[in-house]
């Protein structure tokens, strides 16, 4: 099966496996209090240009979203998200499970606009019955979005300014962060992300690690006793050093960006070749997820040979599908894929 | 530092790392729907003598306890546990976080007795105001317990019978299951555990895996849409095949029991030698966790050289400490430890 | 202040106060296990033509919605509602507080359509990733809606059929139920409501009682140990007989319908007279809530003299406001109101 | 049936019903924002000698405990209580339902001791693994306790000092507060309670009101947006003025204390006469709840004639029962009771 269904179909970058082999029998203190974690955090702080950043390593995306949102919100607050946001669609209600409403605001190809957020906040605070409603207590964006799109610096700045004005944190879900930063159409850097966001996470699972995400609190705003929050949510890994180890490798010699750039290169190659062959593009994604409109009979031809993700019905004879590249995609995988087109 | 603080201080068994290296670039479907997971489950079913067992792989212990308990209980039910049970003491209230009370019953060296459970259940159901109370809806035991002790078949049978009489499930937390089963004083086998318990988990994190637990539902009683429960609790691993891979290795050629037996051998050696040197044993643990009463000044001597766990104050000049062996303990580690005694 | 802001601005019908005075010193068993409650339930069963209905009295609306929804849903399920539904807008996230998502479906003047619900359910069940989403487990409608509109029998039947097809319960929030049933444009009766809905509640707070709602489970489907659910949610009234007493009075000699009809009469009179005076009607409500488009400078004139509710901004110079009549509205109240128009 | 089962078997003091009759048709703003509530709050502030007290009226006890505790605790905190505390025993797990553990500390006839609380706090904070445990974030006491006992000023001061030292709030559940304050063995006053506690509530339901509790925050520490907390928990009464009205009456001309004193007088009379007749007292309660050890055959004799509460089994032939007096108890009720002894 050609692995284009997602960017989490393979294990980890070789350097991570090597390091794991190397550290396997060096005893470590539990729960992330070890020195490898500390070293990894220091590297991330540097990469973010944020020497005071507080960092915590978690295992997976939904878990991270849930813990960050629940620990930063007051009980009576909800989180603003695009209707297409991962937390609103594909996390089995994990946010609501912790008691918080996802307050949806219209999105455009997965992206929120500052003005829409501001309108929501203005409307809330000017409503005479606001105490009977859910308080908007945070803004959640995904970067890149679920549609592979990315915010420009201008757009992010605007959202950040609205959050600042209303004094609520801006949280960026970076499950695929590398693939945004590495896009040649992205004018955001890790440093800028750290500047505009109050908290974000750097996805490892989809960008070279076996698993793991690095949550970065940028304004000395990590919730008190965050480790206990994580534990209470069932997210604390006994061998926390496994997380530190992976991020240490990823943030050594720019590996994280390097492998993300490779994925983007592969995505561009794939898309260009598919377009040449007459494939219709559903929307213009500058990252590693590419959305195509394929004929249903073409999909039948691919079934069993190419792993892809069904996105949504386009019309009675066409379907939108996602082909994702990743840090692990080889040019020959794409060439093999192209033989079907 | 000599690694006796716990049994989760090192990585994974070499065979797991090899297999990981081998499978690293074979693309897999996400979320545990892959064939490696299926193969591992089949091996576990065989080891349990329970061909109809439903199995789900999770990442860590607290997460597993929380998901199993929350998904099997009605909203108005709580879970019976020894006061010393892990869910009652060391999980940051993760059970209460999901809305359920931990109903404590006196324990003896970490173990519950059937008669005490029965009394609790009888008292509850004969109380005229029981509808104003928390319904006891499950019994939680740890096997081995937090004190390293193990239930005899007779004891487990009795608890199982009480649960059967009141029609509530019996759940065994097997975070260290191997170390109980491998003890020469244990008359329980995986088959018997599957017979007496409605659900239990086979701990991987502490017994040779990098991480991972295998939840076994033995009576075709896995909660409907269990995957969604796991996802909602933030516990679903994207690369679920990493869990399957590890359990596949552990349940091939009896590896799980073999490495657990090694840990027991090491524990017996350590204890015998320490006793010879005049150390006082706090309680008689037949498993890999050994509890000693040490002089506080002896502890000062060890600090910085030996990693151990402080258990509790014994008296003004003595402390109870835990030394744990594991699948990774080498005889020379113990010999080195003994030089301090 | 002329009391048109809502239908809960005054106390209770005189007959309720008399009965309260009469029963005040007759000792009663606590928590609704008394004979007055039983008598009231029997009267409601008769009024609903549903001899097997299970009935529980609660104190207020948000509480009732929360308890009914949380106790009938599985943990991983959410409730379908119009975006304008009370549970989605004006209950401070009480549903999410209990862990459930409110799944919004477009509404039309507050009403859901069977076809939209069906589309939502179809889409969910045909999505390959549905296990990563929130399961739609119930349909919530308000009757009348937050906009004063009512479902026709045809519309309700269609929604009920969709729920039946997907085997999920239909729940009608009847906080203002009397004002729907008493409308001359309503072809639904209590009997029909009991037939089409799996559970609904008969609002007392807004229809003649001091407080109180009667939850009616129509299909022998009251959740097991419902009293405990209510207690756990903090909703169990010690002197439950106060609730029974009020519903007993309201369901004696047709009082509930009689006072609701009066409110409708008053609403029609008010609306007709306001229209005569040139007031613009925002939407055509056949019940006790009337929505008008008033000039902002007119509102300034009313402020301090007439209590009304601001609904939403209409345009820069106009606002939609609600004037509500109730069981307690007197013709002279309206005549006084009309002097301003 | 002679009404000794509890102190909530009858309606309300006549003055409350009169006032209700009087105010019944005066329109009021919803949700407690009315002037009656404000007047009642002012009277309570005066009675507490605490001009800055923030007060909120709620409907019932379990609801109040739940909202106060949940809104004042951090997510990772639990509440310290005696094992016999109402929140631990008879509230169907309402506290755990909101995510918080009840941390039990041994009690003596229902009372906690400062030194035990201090020990719990000390032990927690000196444990190296405290971040894996539930943080003790509040102390809950009931005043009077579930056994009718009361804290002396000395005892309360000590508990208050421990709370102050660890910077956690002290919360007194005053469901029966009047019956403690009115006891001739009580050296606590409302003023002193306000001094020593951070928050407490004045029970109305059991002391003359139809229903209702007045929560008093004494240190300008009412949680932000407390009304929203109450709404989210389903506890906000639409006609909040009904609560204000009742407390206004109870705190006019010292009525609250006057009727509580009457109950105490009746309790003393009942107990003295029962003792004269040879009844054994289970424990020495100075308040309105009296606990007797009765022969089981005596109970059979009473059944159907006297309403009492079964407390617990004493031995095979005896049972502990509770006889409660209240604001509504008449001397002739007791005389009638005495004919059975």
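For reference, chains read A, B, C and D in written order, and residue numbers begin at 1 within each chain.
As a convention for this text, a contact is a pair of C-beta atoms (placed from the backbone, for glycine too) under 8 Å apart; a residue touches a chain by one contact, two chains touch by 3 or more.
Quick caveat, the model's predicted, so the values are computed rather than measured.
Shared contact partners of chain C and chain D, listed by label: A, B. Taking the mean of C-alpha positions as each chain's centre, the chain lying farthest from the centre of chain D is A.
The distance from the centre of chain A to the centre of chain B, each centre being the mean of the chain's C-alpha atoms, comes to 33 Å.
We define each chain's centre as the mean of its Cα atoms; on that basis chain A and chain D are separated by 50 Å. Inter-chain centre distance (chain B to chain D, centres taken as mean C-alpha positions): 42 Å. Contact of a single residue of chain C with at least two other chains is seen at positions 75-76, 91-93, 97, 99, 131-132, 228, 231-232. Interface residues of chain C facing chain D in the complex, by the touch rule stated above, are 1-3, 5-6, 8-12, 14, 17, 20-21, 23-30, 59-64, 66-67, 91-94, 97, 205-206, 210-211, 228, 231-239, 242, 307, 328. Of all the residues in chain C, the ones that touch chain A in their complex are 75-76, 78, 89-93, 96-102, 104, 128-129, 131-134, 310. Across the complex, chain C meets chain B through its residues 31, 70-71, 74-76, 99, 131-132, 135, 224-225, 227-229, 231-232.
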